[in-house]
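Order as written gives the chain letters A, B and C; numbering starts at 1 within each chain.
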Amino acid sequence: MKPVIGLEIHIQLKTQTKMFCSCANAWEAEPNSKTCPICLGLPGAIPTINKLAVDLVVKTSQALNCAINNHSFFERKNYFYPDLPKGFQISQHRKPIGINGYLELGNAKKINITDVHLEEDTGKSMHTDEGTLLDFNKCGIPLMEIVSGPELESAEEAVEYSKKIYQLVRWLEVSECDMEKGQMRLELNISLRPEGSTDLPSYKVEVKNINSFKFLKNAIDYEIKRQTEIFDKGEKPTQENRGFDDVKGKTVSQREKEEAHDYRYFPEPDLPPLRLETKPLTEILPQEAFKKLLEKFKLPMAMAEQLTREKSVYQFFEKLIEEGMGPVGAGNIIINKPSVLQEDPKIINQKSKIKNQNLIKDDTIINNIVEKVLASNPKVVADYKAGKEETVKFLMGQVMKESKGQADPQLASQKLQELLKQ
Amino acid sequence: MELCDLTVLQAKERLEKGEITSVDLVSSCFERIEKVEKALNSFILLRKEEALGEAQEIDKARKSGKSLGSLAGIPYAAKDIFCTEGIETTAGSNILKGFIPPYESTVTKRLKEAGAILIGKTNCDAFAHGSSGENSDFGPTKNPYNPQYVPGGSSSGSGSSVAAGECLFATGTDTGSSIRLPAGFCNVVGLKPTYGLVSRYGVISMASSLDCPGVITRDIKDQALVLSVISGEDELDANTKGAKNIKNRGSDPFQGSDPNLKIGLPKEYFAKGIDPEVKEAIMQAAKFYENLGFKVKEISLPHTEYGVAAYYLICHSEVSSNLARNDGVRFSFSDRSGSDYQSVYFNSRSRGFGAEAKRRIMLGTYVLSAGYYEAYYERAARVRRLIKEDFDKAFDPKVNDVDVILTPVSPTPPFKLGEKVNDPLQMYLSDILLVGVNLSGIAGLSVPCGFTKSALPIGMQLIGPRFSDELLLEVGYQYEKEHQWIERKPEL
Amino acid sequence: MAKLARIELDKDEAPVFAQQLSRIVSYADKLQEVDTSKVEPLFNTTELVDVVRKDDQKYQEPLGQDKALDNAPEKDKGYFKIKQVL
């Protein structure tokens, strides 16, 4: 049996005010102090749309290769829960902002993005022995939901997908995605189907409450095991919602009071529909930046990966290149001394030039150093050849150590790549 | 005539001349209230001391020459569906008994800023469900012209209090009838403004795409004055974007309508079932306009018969969603006798809501539920467009080419309390005359146009396209200035 | 349906409700008479589009904790409180 996995990722947007009112989108504050009649759902209060939130979702949708619904609009998702003050959540259903996009994994596999839509967050409920305490500061914070198709087939793929979403959303400055603060939340849909089958399974298990990549992997591993055991008994797992208990490392059934949710979606009458005019994205995306580092600057993959984790890092790299630094040298400086981002690129370049003049550039010498390092580290070389490309960093470090920091990093790196290919 | 029977403009003039004080006005209203309120039950809440205090402040400010708002010192009442900060607001329902809004609706805020003095909250059908005034959890309101009869609803207390002289004007809301019908039944003036002209922020929602806040006044000049204060774009209500506020014409308004105006009489609105006295009164009004130089002609609004169906399917759905927030968790009536949180919902809502509210919520839930959305709610929305297009064609110079449409406000005069109009055809007709205007988002003005032989008021309705509110006031004024029905006060 | 709406009807309220329910069904049936195939649904009569507010514009002040909790049937140290949620 193979897993069939889809992910729904909820992301709180980086705005100053909430989605439908001008209360502050604040993290820590006295309970219920960042509330108004609108986000408290008091009688008579009606919403207004935060333009920035819409723009951020449009930007993300475009970055995920989605088609944009120019006539997108909001709808009411009706259900009862104490942390949902209006008794409905303003969300999207029939015409979400972005649809039919995709995200490419490292192995070039495309994961479909079914839709990217915009909604409001609910309040926070804390369960105590005497009852439930409710704080509505969080209620109404703009929430972007990215829904993937069921193309993920393993915990590794799921984690990679989530990490790429994390990277992309942070890169675009759409959210900080701080998972400890609940700014990015993962919801897992998982079922099993026989090897070779391409039909969608007739059931799916939803697991909520996952707030780290590690827990995502744990939850998936647990579910695969749990569902496999059920199949082995000749039965079929029930379609249900489960929660992830990170302490026990297992998923737990949540006996919902309501059977199937009938959300009774209808267009939100208080809000006229949107008219989205989309201009093409001008900023470079992490995947494009990564490609550029590999192809144009010929950087090793591990270095390219590190330099494209954060946009600020990549932008600083580009600044150093503008100053005339060699790409490998620039890359190394950034990686070895992250605080360098605070410094002036001109000065860095000058310092580096000075250092450069004393560098060993002789091909024979460098060749000898590299050969020596490779010979002394057979296991690492074997690992590299087996696919563990990050090990090149270690080898590079050894080369620099061996040369007492004097080897020209660009030439040394090239030589290393060359000899490793043999 | 007592001070409390003055129009707003008359009172304003005397205040500005120094002939009377605001305290005089407020006191006069409360004297009248003392006399008649027991019989009428127009109010859920009265605030005599506070109102007198505010009146004193305004009088003081006026004496010291401070510049004052355009309604300074005028006593008014607000339908208890407008959230008034620090003042109990119930929407006529037990579930909101004790609810003290921590914020002010835009309408009452603008009135406050203009210096108007709130003397109380008027009774209404609970959550505005109803068109007779009998559905309030706080007892029915009576018609001042005959307390055995209904005042019309849902802004029942607003209609009766203005007619009875308990205040000089009152705010109301109209979702399917609720300003026009009480105005028509109580011999006063009520405009259902264009949808989106007046802000709904702070108005307890019934059906969000249909609700229109407005006012009930003694005459049309007062309508213009008060509307000039409350209408116009509000950044807190997205549907008011671009709405310009109505101009206050002052005491010399309406230069005189263009005599080339055309009035349409939709044949579907004069179908069988209309009370002959009502029909006669409307036809007299039509004749009056003809004599003025207007052209009167018959038109057709072919989808009229589907209006009631479309209205209720849409209205109940939106209502069911809007009332979901009354869950006993964050405010007022809360029954916590059960053992778990679900019971808080069930018990609070089942015991707090009145029967009619409960039924409408459940019906709305049904209409929206899975499997029914397309056939019910969405289909009703399509028919809604057809109804609106009927009106568009009526007003289109290339099609039916009328400027204003004239109809009765109700097929019958006011009916007796508890009578619940027995003739299903008349019940249906009474909705039909009014809901098409709400479905289309256009404007409808109710103007007094006579009395029955049994001394019950009859109202006529003038309908115009979106943002024709000022035109309707003009046309209505042409009639009103030659017919002083307002002079015929109720015998209390 | 009562469960979805979180409402219970008393015994005497039920017959009127049944009547109203059948009327609603008849309304829906009546609308079937109309050919709506060429017409789009009308949800908002204003025909407004794209009404948005700027993120950094404050339209009103927050209520503050006290005012927010003012009407709460039960509260505790700044929170709204209700019975245990399972």
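Keep this in mind: contacts are C-beta pairs under 8 Å (C-beta built on N, C-alpha and C of every residue); 3 or more make two chains touch, one makes a residue touch a chain.
Remember, it's a predicted structure, so these values are computed and weren't measured experimentally.
Taking each chain's centre as the mean of its CA atoms, B is the chain most distant from chain A. Of all chain pairs, the one linked by the largest number of contacting C-beta pairs is B-C. The central chain here, found by comparing per-chain C-alpha centres with the mean of all protein C-alpha atoms, is C.
The distance from the centre of chain A to the centre of chain B, each centre being the mean of the chain's C-alpha atoms, comes to 53 Å. Separating the CA-averaged centres of chain B and chain C is a span of 22 Å. Each chain gets one centre point, the mean of its Cα atoms, and the points for chain A and chain C are 35 Å apart. Shown for chain C are the residues in touch with two or more other chains, namely 4, 6, 43-44, 46, 48, 51, 53, 59-60, 63, 68, 74, 80, 82-86. Chain B has residues 99, 102-103, 209, 235-236, 238-239, 241, 324, 327, 329-331, 341-342, 345, 365, 369 in contact with two or more other chains. Within chain A, contacts with two or more other chains are made by residues 36-37, 40, 48-49, 80, 82, 132, 134, 257, 262, 264, 269, 271-272. Only residues 1-2, 4-10, 13, 16-17, 20-21, 23-24, 27-28, 30-34, 36, 39-46, 48, 51, 53, 59-60, 63, 67-68, 70-74, 80, 82-86 of chain C touch chain B when the two sit together in their complex.
Contact residues of chain A toward chain C in the complex are 15-17, 21-24, 30-37, 40, 48-54, 80, 82, 125-127, 130-136, 255, 257-258, 262, 264, 267, 269, 271-275. Here chain B touches chain C in the complex through residues 98-100, 102-103, 195-196, 209, 235-236, 238-239, 241-242, 303, 306, 308-310, 312-313, 316, 320, 324, 327-332, 334, 336, 338-346, 349-350, 353, 355, 358-359, 361-363, 365-367, 369, 372, 375-376, 378-386, 388-389, 439-442, 466, going by the rule given at the top. Contact residues on chain A toward chain B in their complex (touch as defined above): 36-37, 40-49, 76, 78, 80, 82, 85-88, 132, 134, 257, 262, 264-266, 269-272. By the touch rule above, chain B contacts chain A in their complex via residues 82-83, 89, 91, 96, 99, 101-103, 105, 200-205, 207-209, 235-239, 241, 317-318, 321, 323-327, 329-331, 341-342, 345, 365, 368-370, 373, 377.
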